[in-house]
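Next up: the structures, one after another.
The same chain A turns up in both complexes below, where it pairs with chain B and then with chain C.
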Partner chain A sequence: MPSFVTSRLFWIAVLTVIVALVLPTYVSGYVLGLLTVAYYTAVFAMSWDLLFGFAGEVNFGPTFLIGVGAYTAGILDAHYSPGLSIWLCIAAGALAAVVGGVVLALPALRVSGPYFGLTTLVAVLMLQNFIVVAAGLTGGEIGLAVPDVISIDAKTNYWIALGFMLVSGAILFGLSRSAIGLILQASGQDKIQAGALGFNVTKHKLAAFVVSAFFSGLAGALMVFYMGTASVSTFVDVGVGVQIIIAAVLGGRRTVIGAAIGAIFLIGMGELLRPLGELATLIVSVIALVVILFFPDGFLGIIRGGAKA
Partner chain B sequence: MSAAPMLEVNGLTKRFGGLVAVKNLSFSIHAGEILGLIGPNGSGKSTAMKSVMGVERPTAGSVKLDGVELAGLPSHRIARMGVGLVFQHSRPLARQTVLENIKVALLPDKLTRLFADKDVDARARAIAERVGLGGVIDRRPPTLAFADLRRLELAKAVARSPKLVLVDEPFAGLTASEVADFSNLIREFRDDGRAVLLVDHNVKSVSALVDRVLAMYLGEKIAEGRATEVMQDETVRRVYLGGALVSTARPEASFKDVTPALQVDNVGVLYGKAQALQDVSLHVHEGEFVSVVGLNGAGKTTLFNAISGLVPYSGAVKWAGRNLAGGTAAQIARDGIVQCPETRELFGDMTVRENLELGGNALSDAERGERLEWLFGLFPILKSRQPQLARTLSGGEQQMLAIARALMMKPKLLILDEPTLGLAPVILETLSKALDRLRETTKITVLLGEQNVTFALPHADRVYVLDHAKIVWEGPPDRFEAEAAENYL
Partner chain C sequence: MLFWQILIDGFAISALYALGATGFTLIFGVSGVLNLSHGAIMVGAAVAAWAAAGELGVGPYTGALIGVLAGLVLAFATYFIAVRPIQLSKAIAESEKEIFILTATLLWGIIIQEAIAYLFTNNAKTVLPIVEGVTTVFGVRTPRNEYFTAVICWVAIGLLWFLVNRTRRGKAVMAASMNPRGVTLLGIELSSIYLTVWAIYGLLAGVAGILLGMFLGVSSYSVGPLTASAFSIVVLGGLGSVSGSLIAAYVVGYLETGTAYLISPAYRTIPALLLLVVVMYLRPQGLFGRR
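Right after this comes the complex of A and B.
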């Protein structure tokens, strides 16, 4: 892909990665902690973009997949620690998210457009209610404390999150540029025509859902063992899902990389503006609104705007 | 031509709820043959084509390709068995190039193949060259001319070398020289030994190309044979032209206004890159009943939308001597130009009475009551249907309600867009009588757009023929058959 190597997008990515690599030398553990969360959120947003930007399905329930992954891993650890390695718990979390994703997608993909979105939204609410009701298992509204963490060292956690984000990003980006990504885009654009060209649209969309669920669940599970707790307000709440969606659209949909940039931007801005209190949320929301209204292709659209002409 | 047909359709039926879109349709196509499937809007021709492709699942009947049953299979399986569909409306991938768009069609339906085969690139280039996209292969679809977008659809459909090619309205929106290019491409399919099904509105546009024609009306086959035979067929002529044309036209000189109430001067409309209306001029006197006849896609609805201020246009539309340009659609409606759209746009979940009262929203209570009584006189059936929800009415009743609701607004000029669309002949008569009474008992000015000439002519004082975005004929209805009918079919 020589055209990709020479593109502006590629060099921006390279530059960003270099900055991310040298950062731990210069900044405090607090900032690293913040970026660790931002990197996991970036994976949530990239997974979401695969579904929306490419398969053309608006999944209002990214937190359903994340929550299933996070809570599965957390509950297993809380009940079987130290007999069970946390890496097994994390793998189980990713697997559970895939299973949950398939169970959700099979009926949801039968309907399309707004109904698909509503189905996924209802799934989030059901999961949220289940967690609250089954408090004995899940910790309910108070949250679930997990006995183990991956590491207590901020740098180690940072490297794991960064590495995970880069690998997930590379896989998701590669997938989006592959033959399958092209078929997904065609299916999202016009599913009747994609069918008439010989593509099994449901199969491809289901596959996209599975991949999205896998990375969402995996990121959710990793984040549980970074934070040491799982709570509805950090993993499942609809508000978290909205944040992920805004991040993906803000960064530039159908780009995968843009979703990551959007997620890091949102979390970074939220922190920078924290001294302003409630005003911070408002400012970030206004910025997001302006970008979405006037630059529908997001940050990457702004950057690439000049290059395309 | 081989002995056994490649495609055999038998007893194909497709129902949507209570509506029978295709009724017991049977036809066949041989390899190396082009069949034209024609019929007016709502005749079921598109549904028949979609049922072959598997986009719609047939309710009953059999569709066999080389003896293999296709009915009931999903479209992607039917596509892989050798059927391709050239879509009329294209939605290509806007961020990929023409070449990449063609490549999509060449990819295997497999989740394990992350990268396309090496030969895909060369094959895609060859296809682009063949359909005449060679020069624009690295451009993105939004920058393409309209005809090139159609070529791209053609390229995608034939990428997998289908045995049977279905083409939906091949020439819609194309210029004469582009039509010639496309005809040649379609002939090449035939010469390659493929079977081709062309779906179009009328015989005329496809007659030079097809080996045989099958005409449909209201879901059923009404004629089949060579193009010239079908054009002479009694039933076909009745569907498109009607039987004996009766005219009760009032001469144009009998209208006293010197400046016509409505003047449309050199109006042109572009939809993206397609010329939907070109240099159209017409006028309507106060109290006159003017019909604009033309086949689907000729530009009737676009013309009416331009008059109503719903689409931007070049040229001028004058109403009572005043230029309407710049007025909003709502303002134009308040000035007395009320359009009754082809799609009816009723409030389906409101009752008949509520729909009518909304139409008369601006009237005083007494005036509204009076108007309602008058309308119930015009359409007695609506009186008994008052408490019924609009969407539960039959097609004919819905059309009457749509017209009645438009009349509630006390229009000075009533624009009726294709009121007969999809209605059975018996209902046409009822509508026809209502229009007669409207003409005789009121001073209302009417502009009627119709494909069905039998319906449009008897009421009209003057007739315009719209063809391919242009006015091609103007005159009194009694001269229509002699001067314009021949070119219309």
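Right after this comes the complex of A and C.
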């Protein structure tokens, strides 16, 4: 059965990728811009799923890693603009996020469950406070304007985002199906038993944090140079983190691919319902709640359930 | 002068924090549920009181009563919509119920928040205070409402103490927080205990929300920060420990007020967050946790 499920998943993935590839020929620049953001958000959600779904760490602060990556890249570019290539800034952002991931991992090795969840939440609030207080460096509540962008062409941005999502998705998915993913899953479910089987739980969890932080930070930094601006409300706010968590659980946790589907769905639905104004978020939340209550395995769970029946 | 100012303002805000966090910690202690729609329920109660007193013109007392009722209704709705189905679900593994309840209550909170924003706009609302005017104590001019807030908070906490320690029902709740299986063996239905706890919680959150609405005003933007502050106070004091939460509420309340007066309002929340991080590293179970 598992091979059948994976093959079905595989074909769905292939079909989606083909649709994504031919899309730029048919839709407007506005839709492409929307999808670009959706693809970056998909990477955020997949990185979160690696930590939660596999390592079992309830991380309420995905935006801590994203924000560190985004702001590091943005600040470097804003201060050393012509001299420093944006790709160096992006690399520095990803690196800074990895450091942030290690910092976040330290309490995770000591505390668990709701206690760790709160630590990550506090990390986000501290980062948010820091950005607002150090307004001279970070642009504060108004946001940080970045002089350079990757490209002003909607199609180029779309291809970069799509390529980035596919590559990181493939790496994260591969990692989750490898021996490392299995060990992570084991240590997430029963830390002591996994340790007793001879696996180094600490080392694997640390690795999960580093990988998750790397992709979150990289995606955050890329998104800064797509938008041309970094602000608390798009990269750091707890609400953004909540949306990422909802996307991952909605799509189907512990699947990596589901997280991407959930993220694209959330952003797409938000846009479709935009004419309804204030009601849009309300309706999306109701849909998400219904899916979580009745289909705890998310969208991918629904597809798999259909396959079994 | 400044000293008394901090002392009085800090006392009122801490009492409010304490009341808000008490219900939150009680639910965790008894049923292991972290209710992330907490802030939304408080704001919901405050907005109901505001709408009844201001828009319908029923007066501050009836308005406050309607607000408390709204808190109660929202608490039960949270329990039956976002918590109970997950606790009973067979499709979700026991080990994952925690994160599902967190996500579901979070979504439910967003739903309440958005419904409030849609029906009553995002504007900040100040509930008509029951006690008006200002009074001067130790040379500090303070709205009488601030003293009223502190008094009501402590009366409510005192009533809770009485309920838990002196009544049969309350003792059953206390016993359930210590050993749920033991209570079941004594022939008490756990589900009815849960209902009692959620009712207490709804009343406490409702009263806290309305007092907050009179004291500082609320808007749908206060939902997230309210939940976060209750969460951090409860963790600081030790999850499930009511007396720990009370002490932690005062620590956080005074730290925030002191920082706001002595350094800058912009840094208000930072020392409390730093303290929280330090406590998490040195004593993860919180200051008075039982674990």
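In the analysis below, the second predicted complex is superposed on the first by the 301 of 309 C-alpha atoms of A that agree within 3 Å, B and C clash if a C-alpha of one lies under 4 Å from a C-alpha of the other, contacts with A are read in each partner's own complex, and residues count from 1 in each chain.
The rule we apply is simple: a residue touches a chain if its C-beta (ideal position, glycine included) is under 8 Å from a C-beta of that chain, and two chains touch if they have at least 3 such contacts.
Quick caveat: nothing in here was measured; it's all calculated off a predicted structure.
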| item | value |
| --- | --- |
| Chain A as common anchor, with chain B and chain C clashing or fitting | clash |
| Chain B versus chain C as contact partner of A:Val249, first or second or both or neither | second |
| Partner chain(s) touched by A:Leu293 [first = chain B, second = chain C, both, neither] | second |
| Contacts of A:Ser151 with chain B and chain C, given as first, second, both or neither | neither |
| Partner chain in contact with A:Ser85 - chain B first, chain C second, else both or neither | neither |
| Which superposed partner A:Leu121 touches (first chain B, second chain C, both, neither) | second |
| If touched residues of chain A are counted for chain B and for chain C, the larger one | C |
| First, second, both or neither for A:Gly113, with chain B first and chain C second | second |
| First, second, both or neither for A:Ala196, with chain B first and chain C second | first |
| 79-87, 187-195, 295-303 or 331-339: stretch of chain B that collides with chain C | 331-339 |
| On chain A, the residue positions that both chain B and chain C contact, one per complex | 189 |
| Residues of chain A touching chain C in the complex | 52, 58, 107, 110-111, 113-115, 117-119, 121-122, 125-126, 129, 132-133, 189, 238-239, 242, 245-246, 249, 278-279, 281-282, 285-286, 288-289, 292-293, 296-297 |
| Residue ranges of chain A in contact with chain B within the complex | 174-175, 178-180, 182-183, 185-186, 189-190, 192-201, 203-204, 207, 254 |
| Of all residues in chain B, those that touch chain A in their complex | 53-55, 74-76, 79-80, 84-85, 87, 91-93, 95-96, 100, 103-105, 107-109, 111, 113-116, 156-157, 159-160 |
| Contact footprint of chain A on chain C as seen in their complex | 34, 81-82, 85-86, 89, 91-92, 95-96, 98-100, 102-104, 106-108, 110-111, 114-115, 117-118, 224, 228, 231-232, 235, 239, 266-267, 269-270, 273-274, 276-277, 280-281, 284-285 |
